[in-house]
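Order of writing sets the labels: A, B, C and D. Residues in every chain begin at 1.
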Amino acid sequence: MAKNFGAVRGLSRFEGFTDAVFAIALTLLIVEIKPPGAHDGPHGYDSLVHAMAEQWREHLALLLCYVTIGAYWLQHHYTGRIYARSDHVFGLINLLFLLVIVVVPYPIRVWCFHLGTAFEPAAAVTLTVALASTAIAWMMKWFYGMSGGRRVMDERLAPDFLKQMTRRYGIATAIQIVAVPVALASPRIGAGIALLTVAWFLIPQPSPRYRPGQEPGREEKEEA
Amino acid sequence: MAKNFGAVRGLSRFEGFTDAVFAIALTLLIVEIKPPGAHDGPHGYDSLVHAMAEQWREHLALLLCYVTIGAYWLQHHYTGRIYARSDHVFGLINLLFLLVIVVVPYPIRVWCFHLGTAFEPAAAVTLTVALASTAIAWMMKWFYGMSGGRRVMDERLAPDFLKQMTRRYGIATAIQIVAVPVALASPRIGAGIALLTVAWFLIPQPSPRYRPGQEPGREEKEEA
Amino acid sequence: MAKNFGAVRGLSRFEGFTDAVFAIALTLLIVEIKPPGAHDGPHGYDSLVHAMAEQWREHLALLLCYVTIGAYWLQHHYTGRIYARSDHVFGLINLLFLLVIVVVPYPIRVWCFHLGTAFEPAAAVTLTVALASTAIAWMMKWFYGMSGGRRVMDERLAPDFLKQMTRRYGIATAIQIVAVPVALASPRIGAGIALLTVAWFLIPQPSPRYRPGQEPGREEKEEA
Amino acid sequence: MAKNFGAVRGLSRFEGFTDAVFAIALTLLIVEIKPPGAHDGPHGYDSLVHAMAEQWREHLALLLCYVTIGAYWLQHHYTGRIYARSDHVFGLINLLFLLVIVVVPYPIRVWCFHLGTAFEPAAAVTLTVALASTAIAWMMKWFYGMSGGRRVMDERLAPDFLKQMTRRYGIATAIQIVAVPVALASPRIGAGIALLTVAWFLIPQPSPRYRPGQEPGREEKEEA
């Protein structure tokens, strides 16, 4: 029997709240980029194309933030078929995870704004620490959900499926933790490893597998 | 039998997330417009009306952004009766589509802020490329949903209805692609063509038609 | 039989999207107010309390925006028991209504920032025009929903209930339209009338009444 | 029989709207923190790490705002199992509660930005007044929901459970009110008491208890 902390609720409202944080985090990115010549008084730029190209650091930051947050949204949406309910501690860990998601544009921008400058080493360490923290928060949700007799996870899932997913998420997290010391030694390579691991989350995960005879019907899957 | 990538889920949460991105993209537009005299120290304006009228570029940008994003929301809401479920790749393409939606205020503002200046030609090309990209991302969702044995589309829809909608969306996309070279030759005409095509999305699309005997009941339609 | 434009859908997703726009419009207000001494370099203020009091125009603007948008949210939430479904044109009119909701902080701020200055007359007219426009957009939704054989309204509602609500909303709209010429003659009085009419929306509306024998059960009401 | 004001509706849409306001309030916090060297022209900072450390007031403010708003979200999510429906006055009180939630980053930032300066006493009083107001608005929702024959609360809940929760929320509110005069005498201690009381909301509350024979089934709990 699952042991829960605080009141148990279904996942629907919980997912809706989390989706809203993701949606806002993705959409807010654009407010940081101002069109050239819009709010800053006269510019001395020769051409508009040149002026927009000079904003390459901000465009790159927007793209990297979007890929990072978007990749985690895809995984969050996927695990909506794995988690089945929420309790208080799951909500607390989820808030911690969302804090990292909300904050991650800061280190990504710091890195983009100092690429190729004397501050790139410090920026790369900042970036890799932030991405490793995101992965660790994700793993905290995963382990909490799986432990305590599947506190908030679907009991019908096959143990070997959960073992496979633990391995997949665990390896990705380990690589992102290793990227921190790598970034200390070689900033560009450490940052590259961390970002590529995030991009790996864009690839589909295996479809959930269930204990024999407990496979949900198509109706339930399409309502989940 | 439909071939899906990754885990299949119903459309409800997927639509909720997408609706949230649209809602934020529409609402964020207002933060870019500051009331005259609010944050910028003393102004030398003669009258408040004059000062507000001098912001015409920002008011026009807000209106065009709102119409563009709003028109796509109407189409997205409409296709909620055509798509029936989501999988991983559909989520990925949708994130790409939402990236364009989130980013589109930038080129629209660039265009409005340089209308009638020496930079209008470059701004018009930027605008038409952005609008064509939005249309192409929309078509990617459409073709992915329809292919692979109707991966994520309602199987009950009549083939001739889908053919009709493919033609309608396809022609609109083609016009927006053609608007790019037109903008190179004649900036104002190219931008006008692209914007009018977006406005065409404000007009109702045909009601979904189903294979004989598979028409959903009124209850399902009103819950969809 | 109701005559609809475009595809008919239930109200759930439609309300969710509209709720999200309201939620963002209410929450965004705070980004306009910066704590004294936060981002603007050294201040010469003598005391923190004095510095915060000097921001009274911005605090007043936030409060008035919140009351205005909040009052319309209450009415929107209420009419979720009156409207029963959506079609394309209803979505289009709703987008127009939401545009006014999103934009209304601008005229409210303009008015607050110029209270007691030479620009108050122009600001008061701006404010009353904006509030009248919001009321008119609300009425457009109402009349569209009621016409065409109750296109998107619950058919079970008693005709005299709808008549009563049409009168209530209609009178409020008429007062807000009249406030515009009043503001031309007497800025403070015109603005006051318009704002008080909005505040009247904070008061509960009558509970929906149904045709005999068509009263929905408690379960439906609590799920609606 | 419960006495309601205005039209009664289920809690679903009401919670969705409230969740959206919480989600935005949590996510907006990041727009206040700009990466060093991003938008402010040349900096004279010696190292990037030093420059980021110099932003400690803003990082602290983000963390405190996130904990405060997050703790209230956890309680709001929890009470989704206690409240069962909404009426007009409940919506009005909820809007008041959300206003305080939306505004609370302002006093928190004021306090963080003046910690250790001559303005700390005034800032601490501002902070404690704001946190006490949040708690009072929360209690208003609670008492309204419980009164009038359980207007909007689940009738099946055991009276002793509600008595226990009233005591728990009541004591927390009383402590936060007491923190205001304490802050007048000793700014740091008053602010500390108020913030610790908010942090106490991060701890799980007791699971809802029901009248004998009225315990909802697991299905309902997981759908709630």
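What we mean here is this: contacts are C-beta pairs under 8 Å (C-beta built on N, C-alpha and C of every residue); 3 or more make two chains touch, one makes a residue touch a chain.
Please read these numbers as outputs of a predicted model, since none were measured by experiment.
Residues touching across the chain A and chain B pair largely diverge in numbering: under half of the numbers involved belong to both copies. Overlaying chain C on chain D by C-alpha atoms takes a rotation of 90 degrees, rounded in steps of 5.
Taking each chain's centre as the mean of its C-alpha atoms, chain A lies 26 Å from chain D. Separating the centre of chain A from that of chain C, both taken as means of CA atoms, is a distance of 36 Å. Residues of chain B in contact with two or more other chains: 16, 20, 23-24, 28, 31. Contacts from chain D toward chain A in the complex involve residues 15-16, 19-20, 22-24, 26-31, 33, 35-38, 47-49, 52, 62, 66, 70, 73-74, 77-78, 80-81, 202, 204-208, 221-224. Across the complex, chain C meets chain B through its residues 4-14, 16-17, 20-21, 23-25, 28, 31-32, 84-89, 91-92, 95, 98-99, 102-103, 105-106, 109-110, 113-114, 119, 122-123, 126.
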